[in-house]
Structures are given as C-alpha cells and as structure tokens.
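One chain, chain A, links the two complexes that follow: it is found with chain B in the first and with chain C in the second.
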Partner chain A sequence: MLLSKLREALICVQAGRVTLPYPFAPHDPAPGFRGKLSLDADLCIGCGGCAAVCPSGVILIRDDAPMVRTLHFSLARCTYCGRCSEVCPEGALAHTLEFETATNTVDDLELSLDVFMGPCQRCGRCFPPPTSMEQLPVRGFRADTSCARAGADLPAPGLLDLWAPNGVTSAVDLRRPTP
Partner chain B sequence: MIATATAEAVTLLTSRLGAGLLVARELEPDLLWVSVNPADVRTATATMKELGTRFLVTVGIDERPLGGGYGIVHLFAMDDAHQFVAIDCPVSAGDPRIDSITPLIPGAAWAEQEFHDMIGVEPVGHPDPRRLVLPDDWPKGVHPLRRDVAYNYRPPSVEGAAPELKSPPKGTSVVPIGPFFPVLEEPARFRLFVEGETVVGCDYRGFYNHRGIEKLGDSVLTWDRIPFLAERICGICGFIHSTCYCQAAEKAAGIVVPRRAAYIRTIMLELERIHSHLLWLGIAGHIIGFDTVLMQTWRIREPVMWLTEEISGNRKTYGMNMVGGVRRDISDAQLPRIRDVLATVEREAIAVRKAITDDSTLHARTKGVGPLSTEWAREICVVGPPARASNVPIDARLDHPYAAYDDLPPHLCLADGCDTWSRVIVRLDELADSIRLVREAIDNLPTGPVLAEFDEIPAGRIGVSAVEAPRGEAIHFVMTGGVNRPYRWRVRAPTFPNLQAIPAMIRGQSIADVPITIGSIDPCFSCTERMETVDCRDGRVRVYSLKELQALTQSASTGDGGYDL
Partner chain C sequence: MLKELCRKAFTKSLWVYHANAGACNGCDIEVIDVLTPYYDAERFGIRLVGSPRHADVILVSGPVTRQAAPALKRLIDAVPDPKLVVAVGSCAAGGGSWFDSYATTGGANETFHVDFFIPGCPPRPEAILYALAVAMGLVPKKAAPEHLRQETLEELAAGVTHLRRAG
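This part shows the complex of A and B:
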C-alpha cells in the first residue's frame, strides 16, 4: 500500500511541470496539419471538383449569370478533412497551419469567388474552357461582380438550407441527378 | 472448417424450419445469408442459439421502393468459424409485425426497440415496447428510416411530451442520475430503484444525442464522403468507425485493399486503442476520486495524440480512411518517431501499472464492484473488455480478422474476476499488447500503393464488417444502392450492447458504486444513440410541467417556498 503510494508520488515528481506556455507563446502544429483552408483565386478554374467531394457541404456552386460561376465557401461548416485540396487539379485550395479560427462574426468564415467561365451554347451552363490556352483570358477572380453579389443574395447558412437550398445546385447534383 | 460450420448451420436450419427456410446463400466467404419466413423467426433464432452463435444486432431495411416490404435482418456471429450469419425476415408492408426474439436473447432488446422506432415494424411480444431512440414529442407513425421520410424532416416540438416510465418496485425509492451528471461527459439518464443504499433495479433513457447519421448516409452523402461522417460517430474511436464502414463497403463491392493500407489501418487502430485505454484509465481514476491517475495517464497519453497529428494531420478525426484504402501514407522518416513515442509510453505505462496494481484504495473501490457473470455477459451479448473481463473469449481481431490482423494476431487478454478490477486489468494488458502490435506493424510495413481504384459500386450488394474498438466490437452493415451511396448503412457501436448490461451489473450494488460501474464499460453514449420526470420518495411518479418547474426554481431562489418537495 505505502509502496504503491510512493510509486505514484514518484511518477508525479518525475513528470515535473508539463504545462505548455501556449497561448503566451506560439504552438505551431506539425507540418501536414490540416488547418484553415486557403484559396488562391488566381488558380481556380471553377471545375467544382471540391464541391463534389466535400463531405460537409462547405462549398456551393451557382451558375446564375452567363459566363460567371460563383463558388461559395462557408468555412464555419468545414471539418478539415482536406478532400477539396486533395482533388483540386490546379492547387488552388490548400490547408494552412492556422487553427485559431474562433470569431464573433460568422461572416469572417464566408468566402465567395466568382470565376469567369465559358457558357455552353446549348444548355447555357458554365464550363471551364477545354484547352489551357482558352482558359488564359477567362480564368480568375472578378472583383467587380463578386463584391456586389458576395453573400448578399445567398441563403443564410443554416444547416438544412445548405444541404439543398432552393435555386442552388451543388456540382454533385449537376452531374448525377437523383431520381 | 469454415465451409463445415456453414454447412452444419444450413443443415440444422433446414431440419428445424422446413419450408420456412426460403433461401440460404453464401454472399461472401464470411457471410451466410439465410432468408426465413417471418413467422419462423423464433425457431430460426432458437436454432442459432443452439449452434452457439452470438447475437450482434438487427438491421431494419425499408425495401418497399425495391418492390418488397420491410427487411428485418438479425445478425449473428459464429466466432469460432469466423463467420457472420444474417437471418433475413421479409416482413410484408401491409402488416408490419414480427415476433420478438428478445424473450430468447435478452441482448436483442434495444435492437428490436430500435427497428420499431426507426422502420416501424412492431416486435410482437417484446418485454419493453417503449420508445428507445426517438424523442418523446416525435409524432406517432413517422419512422425516420423509412425511405419516404425526408432526411431534413423536422416535426414541430410538442410541449409536455414525456416518456413512459417504468414503475419502481414496491417499497423502493428512486434516485435519478442525469441526464446531465458530472461523472459522465455525455447525456444519459438512469433512474435507480433503491432500498436504502442498495440498488434493486433501474430504468434508462438515453439517445439524447441522436444525430441521424445513418439517414444522411443513405440519402445525402456519397460513398467517399461517408468515412468522414462515420469518423464523427465517436470522438475517441472515430478511426474504428470509418475503418468499419470502409471495410463493409469494400466487402460489398469486392474491393481488395492494398496490403500497405491494411497495415496503416492496423497501426492507426492500435494507436487509437493505446490512447483510448489511457484515457479510460484516467477517467476511471477520476470517477473514484483518484485524480492523480487522471492527470498522469492523460499526460502519458498526450504524446500519442501529437504523434497521430504528425501522421494524419489531426490529433483526432484522422480523415485517413477511404473506401479502397487510406489517403495518407506513413513516410519512412516518421517510423523512428513512432518507435520513440511507443518506447516512452510503454515505460511510463508500466510504471503506472506497477504503482496502481497494489493500491488498496483502488482495490477497495473496484474489486467485486459491478459484477457481470460469464452467463449474463453471454446472454446480453456484451462485447470488448467487459466481456473479456467476464471470461468470454471474444475479440473481433481474432474472430473476424480484418486489416493486417491476419499477419499480426493480438493476444487474447482474458480475466475471470467478472468485476471492475478485471476490466482495469484487461485494458492494461491490451495497452501493452497494442504497443507490441504497432511495433510489429511498422517493422513489417509492406511497400506499395495505399489506395485501390474502383469503378461504380453495383446496387444490392451486402457487406458486414466487425472492428474491435477499444470499448468493444463495432459492427457496420452496408447494403449498396445504385446512386453512388448505400441503400442502407447500419452502425452498431460497442456501447449499444454493453449499456444493456448495466441493470445486471448494478443490481445489489451500493449507490456509490454506480458511477464507476457505468464508467467500467467505457460508455460512449453519443455513439450509441431518452427526458424523465421527478419521482417522489414514496415511489409515486409525479410529472412537473415546464411552468411548474420554472415556478419551483423561482420560489427556491426567492425563498418563499411555494412547492413542497
């Protein structure tokens, strides 16, 4: 009994103080950590691969103006799985080492990107131009349209709305209509 | 051996059931599918019991869109023969009723209540036909896992809805524990029926955390998205659930996982067991007021969490599993780091074990506490360390080998004390064995790809997978659908059978021993996933309305005492 208590005391004494100085000193996670998502607007071609694989419905795609596809990211829903950055063919999406994402304003975690696309002559829907030469002039972020539209006419990011909101089509449903 | 056992089962079922046996097929090398006439379900179950099989769980499937009625599938395991047996009962949609098997197998009680709630097939003759999973204000006749109920259906809440209460035996008082109770991190409500200090019975209402995960899996998500949701079934053994789901899907689709991926899954599963057992030991210490154990085991555990963060990119919810293998490889540069962490954890865990095994305080609080006899452990179909501590030799890693456990067999850690102390010892043994397993796995890590490519998964295939989680065996059942997602995905977390053993474990025990007994099964309520009313001391059940309760708290705070408690 006594021996047992002495052994227990020894374990505690040997361990000493183990508390880390965080948050008074930085505590960087190991490389490869899946932190807050970063999006390089110049690289995005609007293919929608990220929206097709996202398990938590962070990324929504709208094609409601000719030539412009809107990608809307509700990062508050992100579960940091990293599937989007894995499938992005252009490397536009990446996980940073940033983990301090707490905010009082949920809008801080909303991100909208308009990508200039080519519309299909028959169905009118956007598609990325077939060759990389043709992609050159139409690729990228257009601040003039996105500022006016970002967030303003998007539905509130409630749980049920985001899964299948009216008028918003996820890339998955575009490709594979459910019967 | 395997074929013999299956053939024997089919022969016996044929002789007992006669024309009641509709079809018997070997769907997979380890899955025998037996369709029986629903009227003969009890005979079939009695035959399965005679064969010495262990009941796992029941899957209720709404097969009306496929031209059928409701499928009630009782799953059994023939552990010695490494086989699963599914007793499928096609219930007609016009008369959704089937004989209850709970009178034969007490461990089937919750599984049957669950399909009653979720699919709407009534288990006739069930000893406790109350609601189990659905909230008390959920409308009658709406069964969420039927295909015609939308995944986002939200019925309006009803004020004053209350569950049916089990009436306490005569002469006993009721001591409520929960729904929020400091010892248990998750909501669960126990009503203890006590005589003085001694517990003579109990009533349980849980499932406060029901999240509709299975519904999302078969209506919204796709094959490759589900592992990330499956991982969130449990905050501690998430990797177990994603592995179990992926394996069930892989079996259904006939995908062969690359060997390296199988080894990586084994490494992650065992790392999860190491940190989970250390976490449990700490919580067990905390429940009995021995916080030194909590502080020190959690300190020892932390490097394992950092290690999994380095390997997977996150300390929990590793996000590594996909149908077909794993997404992240373990680099050779990480191997020495894994060995270092294992060496430290092993040295420190041995020191803790040496220190606590002779601690008389710990003995006094755990020996003979929460007894569960071998017979009852078998009847209630208990799994994992509580089963092994009651001398039931089952371990999914040995009985139904998966990942790389065919190459790396674990030691079966048994104890015959049938009490909380034995559960401590079993877990400490398993902790040491897991460290050995991770070492062997990284020493023999094969080279090659980690993810298998596959085409569209055909509809109507079935896969059953078992994974030994730290708290017991998890079972996932997958029936494939044609639209890139399962038609039915059934999850049975290990706490589901183990929690049903609690009434047997606390009967005759002192009230003070109830928390550690509940703690000794390492409960995970959210994975398993009912409000009750205040009872008077004389055993009468009194229901307070929300308004009355508010008035009560107001009078208590102002001190004018309007109500006499």
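This part shows the complex of A and C:
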C-alpha cells in the first residue's frame, strides 16, 4: 500500500512538468497543418474552381460590376479540408499554419478579393483567362444561387445572362450541377 | 457597466458546462484534451461542471440541430447571469458543412447570442486555449476582416503594379 504510493510519487517526480506554457509561449503546429486560408491576390484568376468544390460553401462568387468578380470567403464555417487549395490551378489559395483565429465576432473571419477580369482587346467584353478550370461551368456556391436559397434579393437579371448557359432563365435553375 | 462587471466577475475561475448540440465528437475530444495535464486549462481556474446551473460559460459544439435547438435554449436560460456562450468548432461558429441543411439551424448564433467563436474542424487544443486567453485578456486578438483587390485596367495603364489593400 505504502510502497505503491511511493512508486506513484516516484513516477510523478520522474515525469517532471509536462504542461506546455502555450498561451505565453508559441507552440507551432507540425508542417503540413491546414490552418487559416491565405489567398494570394496576385495569382488568383477568378476561375471559381474553389467555390465549386468547397463542401461548406465558404466561397461565394459575385459578378456585381462588369469587370470585377468578387470572391467572398466566410471562413467561420471553413472545415479546413484543403480541397480549394488542391484544385486551385494557379496556387493562389494555400493553408497557413495560423490557427489562432478565435474571435468575438464572425465578421473577423471574412476574407474577400476583387478579381479584375480583363476585357478582350478587340471587343472590349470581359472574359476569364482560358484555362482548363475555366472550361468547367461555375455553378457551385455562387452568390446568386445562394441568395435564391436564402430568399434574399437576387442580383439584376442582366448579371445572370452573363453566366447562365443557354436555356437557363432563372437563378433557381443554376442551383446545383446536374449529375 | 454590465460589461465591466462581467470582466471583473470572470477574471478568476470560470466554470464551464459543455453542451454537444449535434457535434461529430471531434470538438468534444479536443475540449477534453484542453483539460489534460499537457494543456491544463485548470491552471486558469477553468473546470467542467455537471450542471448548467453551476456554470458561467456554456461551451457549444455542433451545428445546433433542429432537435437540439429548443433544449439548448432552455439550457442556456438555466445558466445564471452573467454568462458567456462560446461556440467551439466550425459547426457551431458558422454551421460548417451543414450551414444550409434543413436539419440544422446553421450555427449557434442563429439561435442565441454567442460571445466567442473558435473556428476549426476540430480546433487544435491550442486554439481553444488561445480563445480562453483572448477572452481573459491575456493575449491580443489576431483575427481581422481582410479585403484584397487586384488592380483595375486604369491602374494598370497608370503603371500601378503593386496590390493595394482596401478597407
């Protein structure tokens, strides 16, 4: 009985102090950790591949102005799966080692990027750069379809005409890609 | 005044009641990790209690399913004021993958006021500790909204090549 207590005391003394000094000293995660998303504005071409694959619908794409496409990230619901950075053809999206994102308001977890979509030198119309990703229909979680689900105001119908494939007349038809 | 009172009242031991509102158990495991000797949240006076009536803080994990929402609301009403509600994990912070599902309410702040959000899927034990430290005023908050923009055609023509941060 006494011997077992002594043995226990010996084990505790041998182990020493194991508690990390964490909040007062940094404790970085191992390399390869998927932390907060970082977006390189220089590299992004606005193809929308990330929005199409994001399982949490973090990324919204808005075409509010003729030459500007806005990517809006609501990182509060990001599940750090890494599919967006995997699919990004330009390597603009990457996961950092940053994990200290706790906040008292969700507005702190918003990230947005205005992508300038270049106009054609001849006709003056706007087009995304022709990459293989661009060939995919951008139908994932677009702002207009999410607005339709949320019952919010839809963007002007003229904007839909820019992106809707032939035969699609309303935002609801754009909801999900057909299998 | 209430804010000041809360700050004073919460400087020492926080008693935490942990409520799972449809979580996958990932966040719950990380919360238990925080209480182990390795991370040791108890050195800040934080401990889990068995009843919401004893608690100062409600730790909500999970996307708050429709089934859980009324019960969780009653549970939070049972906590004496002043109280803090902390949402742990991406599900509680914003709904996670289920933010628009018919079966969930899409995050804890859809149902009631949440004072603190800890995103992560699941958050690292360090991230939870960091949130505690921020809530107690030990370290500054790092997260901030970010708005990036690329240069427009006019700016390109004018030779502005660097990216500017707006807002």
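The criterion applied here is as follows: the second predicted complex is superposed on the first by the 104 of 179 C-alpha atoms of A that agree within 3 Å, B and C clash if a C-alpha of one lies under 4 Å from a C-alpha of the other, contacts with A are read in each partner's own complex, and residues count from 1 in each chain.
To be clear about the criterion, a residue touches a chain if its C-beta (ideal position, glycine included) is under 8 Å from a C-beta of that chain, and two chains touch if they have at least 3 such contacts.
Quantities reported herein were computed from a predicted structural model and do not represent experimental measurements.
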Which superposed partner A:100 touches (first chain B, second chain C, both, neither): second
First (chain B), second (chain C), both or neither touched by A:11: first
Chain A residues touched - chain C or chain B, whichever exceeds: C
Which superposed partner A:22 touches (first chain B, second chain C, both, neither): second
Partner chain(s) touched by A:108 [first = chain B, second = chain C, both, neither]: second
First, second, both or neither for A:30, with chain B first and chain C second: first
Touched partner set for A:41, first chain B, second chain C, both or neither: second
Touching both chain B and chain C, residues of chain A: 18, 29, 55-56, 79-81
Residues of chain A that touch chain C when the two form their complex: 18-20, 22-24, 27, 29, 39, 41-42, 44, 55-57, 67-68, 74-81, 98-116, 118-119, 146, 149-150
Chain C to chain A touching residues, read off their complex: 37-40, 43, 90-91, 93-97, 99-100, 107, 109, 115-121, 123-124, 126-135, 138-139, 141-153, 163, 166
Chain B to chain A touching residues, read off their complex: 151-152, 154, 220-222, 224-226, 228-229, 232, 292, 295-296, 299, 302, 306, 309-310, 313-314, 317, 319, 327, 348, 351-352, 354-360, 483-484
Residues on chain A engaged by chain B in the complex (per definition of touch): 1, 3-5, 7-8, 10-12, 15, 18, 29-30, 32-34, 53-56, 79-83, 86, 95, 160, 163-164, 172, 176, 178-179
